[in-house]
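So, here's a batch of structures to check.
What follows is chain A paired twice: with chain B in the first complex and chain C in the second.
Let's turn to the complex of A and B:
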């Protein structure tokens, strides 16, 4: 069996803890509230959850076990995934193998983070040894400057212009309109995008994701478990992860998706043309562009033209980031890496009120995480199918 | 007074190696001793072959600017306070000849991708930073000047201008014309020096109100003892006197540079001259503490480690000797370029290199 393939594993019970720009609560509150939501959604008692997979940047000094104790869980399986925007895909892969093998029956996958004024500075100052030593000292705390250099390189190499990125931002914000969970729902125009102030040129304010507090969660179990419980669910057809790919590229212009795309689609038994909706990891538009290219929707360097040629709305010919993406909801730390999965699970189970993609059967979700000083290190993708 | 915002100082232990080379004015990158791969940012272990034997090696400061950004918004107060004033911070990724991709501040004249000259220097916090400069142009970039703003330009004080070394520095500072020059003295000064325009004789035998007399200082040059005295005399002149003066001057040293003229014996003791060697070693240890104190206010301490000097009365002695005006010129230039440890002549550099492989045994025997 392909390393990307999974057998009779499903996702159920999408939960989103409402986002807040800043919160006085800690990560434990958001993750615990997400677990409470999972139990309510699934009609489960706490003791029925026997696996926990958690992702958070702001749990310190606790790790997974401290969290487990705080939530009053007893588990036969525990994992933590410290991979930022790739956490959702990787958590799903870990949990899926656990239920496939019988190490656990019901795994709660939860990502949650808090956000306090000044907290983002503290988090970025010591994000990694490479960023601490090679990018924080030049004033570039946080990923803006690193992604700006990736964007600058992409523009030089492939002739992309600001309007190319702007069209994606405008389309995503339009998709957020019917999403009650998005913090930013007011439509923007291309003119407003182009006029937004420079943050780290060529990156503008409207290119940047907004940090916030919140949580995203879902359950992973075997198909028969979900069916016996009568839980709406979608299937995990295939998923891949790849870390530190193309480390010799002087500047990042592709991600690990390019190496795994064929394996992923072959294991899922679908082609890019068969994808009904796509959730990219949208921290910065250039990264969404790399995903469109590396996952096979268009050739390298042509994402700008692809976006211009397609309607990315839920009723369009290429529904993408159907809830508005992190660009509209905000980025609740590691939960940003789960957002595409909960949104797709809602779409494939008929729970995307007001923004449903008609007749959607196949969803592709992508993750990207852990910027070093010059590039993101972890990539993953998953193909989900309606039951 | 609250401490001024400085660039971030937090670094991993391997990354401090870059600062050590920057302080010496070298352009060095961390290499794997087994496979030769260059590591950036500096690491504990080779990312190519997993050897733990990583060493610093001087390399040509040449690279190619690959991508850049103009940072207008920063989470760090030092950069945020200045962002947009006078210009956003220009940052870039530069591929060094070795293949390593380095994060650099980029000179305004480096337009677009292309070849650049690299410089490893120290920032306002005294930590390493890399600059990408145009291959040939010489004009100053105000943004780069802000990163390393400690130039020592302004009112200066020479601890003892009655010594030959002190007098040489006094003349160089007076010629620089960057502000008044206080001429410390406990005995008679050269009348020509004392009467020069900008010169301000200062009796340092009365320390109590010295800071009130001088007002804020941009630079202090401390000079060593005569080199021919007893251990007590050398310690008093080279170590105790500057330390007492620094304590008395502490109210007026915020953001200032302290340039200590020491001698290579501070690093490599001369068995034939134990008293000055011991005093210089003690003075260096004290200077390292002063560096930490000054860095909190954005100031810095520079150690100068010359070999034999062309002092009066040494004309007949064998071997190369560094002329005092050349010493002063080199030291003031080092101050402008961010160097913190200056080995200004071939003899001092030779002894330093030997000490690196032979340790303190240098100079023993034949």
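Let's turn to the complex of A and C:
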């Protein structure tokens, strides 16, 4: 069997804990709120959840086991995924193997983070010892500076201009309009994008994802478990992860997706043309560009033209980041890497109120995380199908 | 809110001591693998090519080429008011090894990618060394 393939594994019960720009609560609160939401959504008693897979930046120094204790949960299977924006895809892969093998029956995959005023700065300052050592004192720019390096390189290498990135930001914000969970729903224009102030040139304010507090969660189980419980679900057709790919590229211009996309699509039995909706990991537009290219929707360097040539709305010819993406909802820390999964699960189970992609059967979700000074180290992607 | 949060200082280990010691003396010191000959990035714990720990410090020329550039407009570092020009550059002796440095004079603005620069080090008041670039003729 392909390493990307899974047997009869499904996702159910998408839960999004409402985002807040800042919060004085702790990460455990948001993760606990998500767990409560999963139980309510699934009609489950707490003891029926026997696996937990958690991701969080601000949970530290508490651990997964500390979470079980704090939430009064007993488990036969426990994992924590510290891979930032790749955590959602990787958590799904871990949980899927756990239920496939019978190590667990129902796994709660939860990512949640708090965001104290100034907390984002603090978190990024301590983000990665290796990264900050290598760049001291320059890493103080945090992710903005790193993504600026990648954007700067992409623009020079492929001739991209600010308008290329701007069109994606404008389209995503338009998609957020009907999404009640998005913190930023007011439409923006290309002119407003271009006029937004420089943060870490060439990255502008409207390129940057907005940190916030919140959580995203879903359940992973075998198909017969979901069917017996009558839970709306979608199938996991295939998923891949790859870490530290293309380490010799001077500055990142591709991610591990490029090495895995054939494996991914072959295991899923679909082609890029068969994808009905795509959720990229969209913390900065250049990263969405890399995913469009590396996942096979267009050739390297042509994402800007691709975005300009397609309608990314839910009723368009290429529905992408259909709830507005993190760019509009905000980035609740590690939950940013789960957002594409909960959104796709809603779309494929007919639960995307007011923003449904008509007739959606196949969804592609991508994750990206662990930015070092000129590259993200973890990439993953999953293909989901309506039941 | 302190707009220029104090940053945690790099932790020196036995493996990274030659780099930081060189940096404090203004020199770029990298470790060359005794087994495969590769020059390692500043903080690699072993040779990343062959994983050997048999390495010897080598003082590099400081010749580097410009690879990337950003201008930080937000306050990022105590004592370094914005805008702050940050460059990424490849080491002449081993172009796969990249360093991030401050460009205090902003000279990179007029230079194309691949342009030659001279990499050295400056020191914060707290003794922390950090990389800086100057023109190739400097």
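What we mean here is this: the second predicted complex is superposed on the first by the 382 of 387 C-alpha atoms of A that agree within 3 Å, B and C clash if a C-alpha of one lies under 4 Å from a C-alpha of the other, contacts with A are read in each partner's own complex, and residues count from 1 in each chain.
One rule holds in what follows: a residue touches a chain if its C-beta (ideal position, glycine included) is under 8 Å from a C-beta of that chain, and two chains touch if they have at least 3 such contacts.
Because the structure is a prediction, the values reported are computed rather than measured.
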Fit or clash - chain C, chain B, common chain A: clash
First, second, both or neither for A:145, with chain B first and chain C second: both
Chain B versus chain C as contact partner of A:259, first or second or both or neither: neither
Contacts of A:117 with chain B and chain C, given as first, second, both or neither: second
Partner chain in contact with A:153 - chain B first, chain C second, else both or neither: both
Touched partner set for A:197, first chain B, second chain C, both or neither: both
Partner chain in contact with A:374 - chain B first, chain C second, else both or neither: both
Touched partner set for A:5, first chain B, second chain C, both or neither: neither
Which of chain B and chain C A:251 touches, first, second, both or neither: both
Intersection of the chain A residues that touch chain B with those that touch chain C: 121, 125-126, 129-130, 132-142, 144-145, 148-149, 152-153, 156, 197-203, 250-251, 373-374
Residue ranges of chain A touching chain B (in the complex, touch as defined): 120-121, 124-126, 129-130, 132-142, 144-145, 148-150, 152-153, 156, 197-203, 250-251, 373-374
Residues of chain C touching chain A in the complex: 1-2, 4-5, 7-11, 16, 41-43, 67-74, 76-77, 80, 84, 86, 88, 90, 95-96, 98, 100-102, 113, 124, 128, 130-131
Of chain A, residues touching chain C in the complex: 117-118, 121-122, 125-126, 129-130, 132-142, 144-145, 148-149, 152-153, 156, 197-203, 248, 250-251, 373-374
Parts of chain B lying in touch with chain A, wherever the complex brings them together: 7-8, 10-12, 14-15, 40-42, 66-76, 78-80, 83, 88-89, 91-93, 95, 101-105, 112-113, 123, 127, 129
